[in-house]
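Before I ask anything, let me first share the structure, which is written out below as C-alpha cells.
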Amino acid sequence: MIEFRHVSKTYPGSSRPVVNDLSFEVLEGEICVLVGPSGCGKTTSMRMVNRLIEPSEGEILINGEPNTKMSGTRLRRGIGYAIQQIGLFPHRTIADNIATVPQLLEWDKGRIAARVDELLELVGLHPEQYRDRYPAELSGGQQQRVGVARALAADPPIMLMDEPFGAVDPINRHRLQDEFLRIQGEIKKTIVFVTHDIDEAIKMGDRIAILKEGGTLAQYDTPENILATPNSEFVSSFVGADRVLKMLSLLRVADAELDPPNGNGALPRLREQMTLRDALSALIGSGVERGVVVSDTEDGVRGTLSIEAIQRLSSRAEAGQHGE
Amino acid sequence: MSSPAGGPPLAALQDLGPRLFDWGWVSNNLTDEIIPALQGHIFLSFVSVTIALLISLPTGILVSRYRKAYPPVTFVTGLLFSIPSLAAFALLVSLPGIGLGWQPVVIALVAYSLLVLIRNVVAGIDSVPEETKDAARGMGLTPRQILFKVELPLALPVIVAGVRIATVTIIGIATIGAYVGGGGLGDLIFTGISRNFPTRVIVGAVLATLLAIIADLLLLAVERYLRPWARERRA
Amino acid sequence: MGELFAVFGRDDFLSQLLVHVELSVVALLIGVAIAMPIALATFRSPFWAAVAINTGNIGRAVPSLAILALVFPLLGFGFTPSLVALTLLAIPPILINASTGLSQVNPQVIDAARGMGLSKGQILRGIQLPIAAPVIFAGIRTSAVQVVASATLATFVGGGGLGDLIVLGLQRNDPAVLVGGSLTIAVLAIITELTFGLLERTFTPKGLLVARKRRGK
C-alpha cells in the first residue's frame, strides 16, 4: 500500500545521504516499524511519506499512485500524524485539537462532535471529563493518548507515528503500546511506526525495517524471521545478544511440541498462553526440566513441555546466526 | 545661493545643507558648549542610576524575602513610573524647597527607574534554583553568606538587564530635564528649537541618541558576558 | 484647590486633551500598521527576524525627545511632524514583541500542524497568531503607554497636547495649570496601561491562561 522505490535523501551541502536507496513495501493493514540507531534516517524516511520532507531521488507510491500527485497539504489531511512531543495545540481544548482535521475537511458539527467522543472513549479517556479540558491540564500519558486520537480523527487509512509513546515513563509506555495494539486489532490501519527501541519494534511490528547509519536498509522482514535469521553481523548485534530469548517471547507454549502427560503431579504448571520465554524461565527457576501444560479455558492437562523441546526450537535460530 | 546645475530640487537640497547643519558652529563650540553638555548629561545619568541602585538593591532583597510587601511596592513604583516625565519635573519644581536645577531631575530619574530595578532584583533572586541554595545551606553557609556568595552573583545577569533598561531610560529622560534647568544635552536641543538653529538641535539629539545606544550595547555585552548560556531577552 | 478645578474648565484644556489623545491614537495605529507586517514578513527567517529585533532594540534606546527634536529640522513645527516622531517611537516595542512572540511558538506544535495538513496560512491564523497574541498585545501596551507619555513632549515642536499646559504653567509660574496638566497626563497614562492590560488579557487564549496558572505563573 505504501511503496518506497529507490528513495534517497541528501541534504544540500552534505556529501553523504541521510536515506540511501530505500526500497520496500508496507502492506495494507500492517504496522511497519522503522528502527535503527540514530542517524539511520528512519524519521526522515517516515516524513517523506507525507512529504514534510521531499526525496532527492526515487519516489513513494501510495496505493500505486506517486504521492506527489496532489498537493502536500491535501495529502497530509488523509494521513494520520503523531509525533513524540505530541504537539497538542495549547490554546485549544482537547475536543478542538482532535477535531482539527475533520474541521479542515468540513465535516458537519454533529458528526465531528460524535467522532471526538468516540475517539476519546477509544483511547480510554471519558469524553465528559476530558473534551473541554486544555492540554496543560493533562498528564504526559493522557496527552499522548489525545495525540493518537487526533491522528485517528478523520479515519485516515494510513498513519505515521514517530516515537509516539516516547515521552512517557516505561510503565505507561507499555500500557499505551498494549492499548494501541488492541485498537489496531479493531481498526486495522496501515501504519509506519518509527522507534529506536528494538523491543518496541518487535512488540509492535507486523514487519520491521532495520536501517543502518547512512540510511540503507539492512533487513526487512517479520520480527520472527529477523530474530530467527538475521542476515548480517549488524542486524544480529542490533537485535541484541539475547536474540534467542526475544524470539522465544514471541512464541507460546501452545506453539511448541508437547509430550503426552506422564501423570507426575509435582511438576510446575505452565499455562498454554504463556510465552515460551516465560515458560523457560519458570522451568529453570524450579530446577526441573519438564512442566505440565494446562489450558486456560478447559480443565485438564494438555501434555508436558520439556526444556529440550524449547531448545530444539531455538537451535533453528542458532543455525540462522551463521547467515550472510 | 549659487545656482546649481541640477535644477530646483537640487537647489532646495543644497539650501538645506548649510541651513541644517553647520559644521563650523560645531568646531567653534565644541569645548564651550557641546562637551560640557555631554559631560553634564553623563554625570546626571550616572548619579541617578547609582542612587537608584543603592535604593533598589536592598529594597529588592527585602521584598524577595517578605513577599507580602511586593504588590504594594510594585504599585507605588509603578505609579511613579506612569507619571510622564515632563509632568513629574514640573510637579517637583513646584514643590517648595526644590526649584529649577538638577535636583528635581535627579529625584524624578531615580523614581522612574525604581520599578524596573526592584522588579529585576527580585526576579534575579527568584531565578536562583532552589537546589543551589539548598546545597549551600547543606554546606553550612549562613543566610548572609548565601545571599552574598550565591544568590546575588547568580542573580547578577537579570539585575544587569534591569540596570541596562534603567540606564537607557534615564539617559533619555535626562534630555527632558534640561527644560527645568538640569543641564545636559537637552540644553542644546531646547535652545536650538527656541532659537530656530537646527545644528544645535541635531548635535544634541544625535549625541543623546548615541549615548543611549552605546550604553545599551555596553551593558548588553556585560549582560551576555555574565550569562554564558544563550537566553532570550525579556521583552 | 478651586483653581485646580478651574483648569479643567478652560477651553484650551479640552482642546489640548483631544489633540493629545488624537496624536497618541493615530501614532499607535500607524505604528501597529507598520510594525506588524514587518514582523509577519520576517519572523520565519532567523536572519531577518534577528535584523528586525535588533533594529527594534536600538530603536527602543533612542530618547523620545531626540526623535521629536530631529523631525523639527526636517519637517518643521506642528501636528504632522509630531505625529511622524511619535509613530517612529511606537514601532520598536511592537516590532520586538511580535517578532519574538511569533518565532517562539513551540516548533513541535507547528510540526504537528503541518503534518496534519494545515496550510501555511491556516497555521499562521489558527495557531501562531493566537499563541503569540499575549506577547504581541503586551508589546502594543508598552508602546501605547510610551506614546501617551511622549506625546507630552510634542509641545516642544508645536504639536500641541497636554504638554502645552505644563509649559504654560512653568512659564507663567501658575501651579494650578501645571498640576492640572500633569495630573491629567498621569491619569491618561494609567488609563492607557489598564485598558491595554485588559485588552491583553482578553486576547489571551483560555488554554494559555490555564497553562500559566498551572506553572504557578
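In order of appearance the chains are A, B and C, and numbering begins at 1 in each one.
Please note the rule applied: a contact is a pair of C-beta atoms (placed from the backbone, for glycine too) under 8 Å apart; a residue touches a chain by one contact, two chains touch by 3 or more.
It should be emphasised that the depicted structure is a prediction, and the values quoted were computed from it without experimental measurement.
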Remark   = When B-C and A-C are ranked by contacting C-beta pairs, first comes B-C
Most central chain, judged by mean C-alpha position against the global CA mean = C
Message = Roughly how far is chain A from chain B, centre to centre by C-alpha average, rounded to an integer in Å?
response = 61
Key: Cα-centroid distance, chain B relative to chain C, in whole angstrom   = 19
Task = Between chain A and chain C, tell me the centre distance in angstrom, where each centre is the average of that chain's C-alpha atoms.
result = 53
Key: Contacts with two or more other chains, residues of chain A listed in rising order   = none
Remark   = In their shared complex, chain C is touched by residues of chain A numbered 47, 50, 52, 73-79, 81, 83, 85-93, 100-101, 104, 134-137, 147, 150-151, 160
Message = With touch defined as at the start, can you tell me which chain B residues reach chain C in the complex?
response = 20, 79, 82-88, 90-91, 93-94, 168, 171-173, 175-176, 179-180, 186, 189-190, 192-193, 198, 201-202, 204-206, 208-209, 212-213, 215-216, 232-233, 235
Note = Within the complex, chain A is touched by chain C residues 106, 108-119, 122, 127, 130-131, 205-208, 210-211, 214
Inquiry  = Per the contact definition, I'd like the list of chain C residues that touch chain B in the complex.
reply    = 57-58, 60-67, 69-70, 72-74, 93, 96-97, 100-101, 104, 135, 138-139, 142, 145, 148-150, 152-153, 156-157, 163, 166, 169-170, 175, 178-179, 181-183, 185-186, 189-190, 193
